[in-house]
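Chains here go by letter, A, B, C, D, E and F, matching the order in which they are written, and residues are numbered from 1 within each.
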Amino acid sequence: MVDLYPEKLISIITTSALEERLVRIFRERGTSGYTIVPARGAGSRGEQSGLDFDANILVKVILPADRLDPVLDDLKRLLGRGHHLTVFVSDVAVITPEKFTRPFDL
Amino acid sequence: MVDLYPEKLISIITTSALEERLVRIFRERGTSGYTIVPARGAGSRGEQSGLDFDANILVKVILPADRLDPVLDDLKRLLGRGHHLTVFVSDVAVITPEKFTRPFDL
Amino acid sequence: MVDLYPEKLISIITTSALEERLVRIFRERGTSGYTIVPARGAGSRGEQSGLDFDANILVKVILPADRLDPVLDDLKRLLGRGHHLTVFVSDVAVITPEKFTRPFDL
Amino acid sequence: MLSNLMIPAVLFFGLGVLARLVKSDLKFPPDLAKALSIYLLMAIGLHGGVELAKADLGAAINAIIWALILGFAMPVLGYWLLIVTRRVSPLDAAAIAAHYGSVSAGTFLTAIAFLDTQGVVYETYPLIMLAVMESPAIIVGLLLAAQARQKVKLQAGGNGAAAMANGNGHGNGHGNGEDKIRLGALLHEAFTNGSVVILVGSMAIGAMSLPGSMDKLKPFIDEIFMGALCLFLFEMGMEAARRLGDFKRVGALLAGYGVVMPLIGGTIGVLIGHYALGFGVGGTTLVAVLAASASYIAVPPAMRLAVPEANPSLYLTLSLGITFPFNVVLGIPLYHWMASALAGTGP
Amino acid sequence: MLSNLMIPAVLFFGLGVLARLVKSDLKFPPDLAKALSIYLLMAIGLHGGVELAKADLGAAINAIIWALILGFAMPVLGYWLLIVTRRVSPLDAAAIAAHYGSVSAGTFLTAIAFLDTQGVVYETYPLIMLAVMESPAIIVGLLLAAQARQKVKLQAGGNGAAAMANGNGHGNGHGNGEDKIRLGALLHEAFTNGSVVILVGSMAIGAMSLPGSMDKLKPFIDEIFMGALCLFLFEMGMEAARRLGDFKRVGALLAGYGVVMPLIGGTIGVLIGHYALGFGVGGTTLVAVLAASASYIAVPPAMRLAVPEANPSLYLTLSLGITFPFNVVLGIPLYHWMASALAGTGP
Amino acid sequence: MLSNLMIPAVLFFGLGVLARLVKSDLKFPPDLAKALSIYLLMAIGLHGGVELAKADLGAAINAIIWALILGFAMPVLGYWLLIVTRRVSPLDAAAIAAHYGSVSAGTFLTAIAFLDTQGVVYETYPLIMLAVMESPAIIVGLLLAAQARQKVKLQAGGNGAAAMANGNGHGNGHGNGEDKIRLGALLHEAFTNGSVVILVGSMAIGAMSLPGSMDKLKPFIDEIFMGALCLFLFEMGMEAARRLGDFKRVGALLAGYGVVMPLIGGTIGVLIGHYALGFGVGGTTLVAVLAASASYIAVPPAMRLAVPEANPSLYLTLSLGITFPFNVVLGIPLYHWMASALAGTGP
């Protein structure tokens, strides 16, 4: 049996204009990395077609449970300022837990 | 501690030809939005290369647990007609639960 | 109520150069398919911009819990050789469990 | 005839096939093929529109009528052939047949490159036929599928009904009501199909635009056309070869269908082009290509929607993996030879 | 005047609108539009740079000054109009106004195609103005938004403070400190905006390059330009029509704003072009187009960042769904007519 | 020599660097760079093929032999330099060295633009050398890595074995068996690499095509080439600058390697071009560019697969962030100057 260790996965769907802001949060909060996928969709403010000026991104960050709150706090702050973010957290299991404790350097 | 509220996440992998059909379901079932990511892959009918005429999409919809069944029913109906959909449901936690109760308008 | 059946979802984030290697694993381990989404991101070795020579992929495979370990073993082997993979496993629920027992043929 | 193989467009197609056969890691961005096909349809449409503005209305209508006849008759013939040989289920047969009633713009453009290289002139009417023939086969495909479903239901009896009930009470969706809704959607789909919109729209724009304003578009239409076609065929060669590998899955007899259908279609096309439409060697060759080629861009998504029960790897392997390469490499020079032979003995 | 509608570029825009109206499944790859807009900005920039190398410095500076005046004044005017008519919240008004102070390169290029077809010559200075006007409106938009926030806060009183507190103690981010940080970021954003970099950079390269080395770039800049513009407008027609559907959401009065603003802007632009800048009919028409058009590429992402409280579907519907089509179809020939009338009666 | 900086292609590279330095939000769609590099390889290949059809077989074989020598010798030299200076682990050294044995088509094309602008003629043989040199370095890189792994294992002793055992019993994959399998895969990878397929394939097509049929491709190959190169270098300038930021991570000494290697390679290349191949100033400059440039498209993915232990941010920073800009801005005119000097004093 392969050993599995619990981690948290934060997924964020938002406008591509916020990408830099999010990356800054991840860097400041010391996540081990992040992954971005181009996306489109629809929500409270109509359709977002994916064209350059109207594109979404789907962002994924895996991090230890004890580092979850600082990131969520920052995301709440963005929400408080009026930004639209669809944020959801899932429980995942990983095979290399130590990987997610080392901050990425960029 | 940031408060987290449980929601359901439906993920659907299927041909891009079904996109409109799926969006109609989401609208009729009153989800608060949906997100689409271009995809490719392989399954029971060979490889789907991602070229225009042979592309997949990965669709994500977050919704309250009590609204899950109507959407799954509609997806089952599509499956019943012979469409190929890979559907999976996950438990997620969100920070803005009220967001997912307002139907998107399009 | 729509019946839901438990399955496992393996998600892998890695360089696109490993795509063929991963597909071979899925074929050998008899998964019913796989899905690939183009991605970019940052991690222990700096930013991966998504340009051709520096692109990531996000790979998703749903499979029965009892077939999880062989795939994870193979992924660990890749990790052991120095490859960089971000692997995480989630619990999902599906409406068509039989679908995920038939190996894809390619 | 071998000289066909020495056209860059055909050679790039071959290079694409080769790249896949040697398992090169070469990959085109999926959107590049899409962008190229938008460009190619736009360019050929504009070009045709300018010519058609000068065309004879009677001849154009005649061409349209024969295009419709071909578009409706070819899939019926193709369906019948498949049912008779009993290689696939009726629903698969309907979906496959629809592809052969429609057309492959890539093959058509390669034929034009072939004729240009040979210095053969051709009529512009086949271009309208190309636009017209995108759609009818989709409708015929749907009708054949509806009939096939009826047949399956009768055969399966209560059995099938049980299976349907499985679908949570919504499963009985294949009744007439459903099909009518779908027919409406399909007709809509057939006529507002992306390829049709670009092709017909560009033709209209080419015909309507002030002559002076078209001059500025000329280099875009003419000069980079052949290069874009080469790139497109390069990519399509790789796609065709990817499908060729599914050959074994399809079976030899069905694979044979992918060669026989274009031969039948090509022959019918040559006869129609020569006798019914009175075209020269060039135009006749193009009509043959229209009848002989199978769609692999517009029809597959339509069939996925309308005949989801059919297996896409069957119809994509046949249209893209077998018929397309056959036509590009052997079919086009063959139809040209047939057209020449007929012209030599004809009226 | 109707002849405007017979230009391929405008016709392709119409084809895009039509494709969406008939609910065609036609879709362009999102990256194609982006690639085309990069190309178009680069080509127009290089072209302008070559011309500007020969231009008169005094006239250029004059054009820049008037571009700045337009860029700062138009959004203030636009904001005031919105506040007076009370159709939207102050923050929405600020974001919308910013779009009208900036410019639409797509409209500008269509105007150039229009003038070329009519054989009207034009000055090159409006091109510098295009580059200059991309940015100031973003800054004005931010300042207006800061003011609007202040107003909202005063109105809401303790109420608003409570809502802010909700944001976990960080919510009081709209204080002056925050705004200063954001102003810095915004100024940076305004001047290093992607469109500005391509346009200004290409102009500089066009002006600096050795004449011989530019020859090799000529066909790229000139010959495929019109075709690329047609493709771009085709796609933008689809986008505009998608937004047009949001018309009802916006309301008739606000939709009217999308027509009134370009009329006001166009009139002001004609007057500035003719009297203040002393341009001929062509140049005056282009200045009118600059003043009349609303950005839909550079400004929306900037507003998403800087005024997240504003609703993007309002400003995108207005700028892309209403003002853009209005200008392409009616505005350009109208401004040209106004410019001609003025030239006929002017000094 | 400064005139190099006034070529649009080089200026656009600079614009890309600048855009990143001022932190512009400008982004190219990732697929655009890929599409452009496919186009550039295809165009240069077709062009070369037409010329090579007229070339002398003996001279071609001679060029190929020297290309192979360069391709095998440069990475060995590069590896040795790195090991001697002890800045990186042996596996990193192997991966880095592989990049310097291979070539950068972007640099090569910039050199051609430079020579064209200067009116310098050049031989076509360096083009075959470009195609030949894509592959050998990958193989050498793998062999060096295998040797480095052996060394690491010996040094680490039982220690390493334990770490391997961690890998669930499969970890002992670095034995000879594994390496042989990988060598086969690598050889395959080296020769069926996407860039090689496009370049060699297009050359073959250019050489085989009927002359008349190539005429139709001419505008595509020639006229938009320089523009496409400018766009490509624009994007690559941004990528290079992104890597330049990793400069500090790499360290000054290693960064120096990114300048010293092209100087050594360029010198060797000039000598081979002049004495061994007997080329004129143009051809000699191109051989120098081949020897001096480092791959950043084909080799990085190959190294990710074959030497996963090596750190990609090291080899990408060196090849793309340091050597590429150095060559584009300073290297090319320098090698040209060296070639001219040699020609002036040579036989």
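By definition in this document, a contact is a pair of C-beta atoms (placed from the backbone, for glycine too) under 8 Å apart; a residue touches a chain by one contact, two chains touch by 3 or more.
Bear in mind the structure is a predicted one, so any value in this text is a computation, not a measurement.
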Chain separated most widely from subunit C, comparing mean CA positions: E
From subunit A, the most remote chain by mean C-alpha position: D
Euclidean distance of C-alpha centroids - subunit C vs subunit D, Å: 36
Centre distance in Å when subunit B and subunit C are each reduced to the mean of their C-alpha atoms: 19
Mean-CA-position distance for subunit E and subunit C (Å): 44
Residues within subunit E bordering two or more other chains: 25, 30-31, 34-35, 168, 219, 223-224, 249, 301
Two or more partner chains touched - positions in subunit A: 2, 37-38, 40, 46-47, 73, 76, 79, 90-91, 105
Subunit F-facing residues of subunit C, complex: 15-18, 21, 40, 45-47, 49-55, 73-74, 76-77, 79-84
Residues of subunit B defined as touching subunit C within the complex: 11, 13, 37-44, 46-47, 56, 58, 68-69, 72-73, 75-76, 79, 86-91
Complex contacts: residues of subunit E adjacent to subunit F: 30-31, 34-35, 38-39, 42-43, 46, 188-189, 192-194, 197-198, 201-202, 204-205, 208-210, 212-214, 216-217, 219-221, 223-224, 301
Sites on subunit F touched by subunit E in the complex: 3, 6-8, 11-12, 15, 18-19, 22-29, 31-32, 35, 113, 116-117, 219, 222-228, 230-231, 234
Residues of subunit B touching subunit A in the complex: 1-2, 4, 7, 9, 23, 32-38, 60, 62, 90-96, 99, 102, 104-106
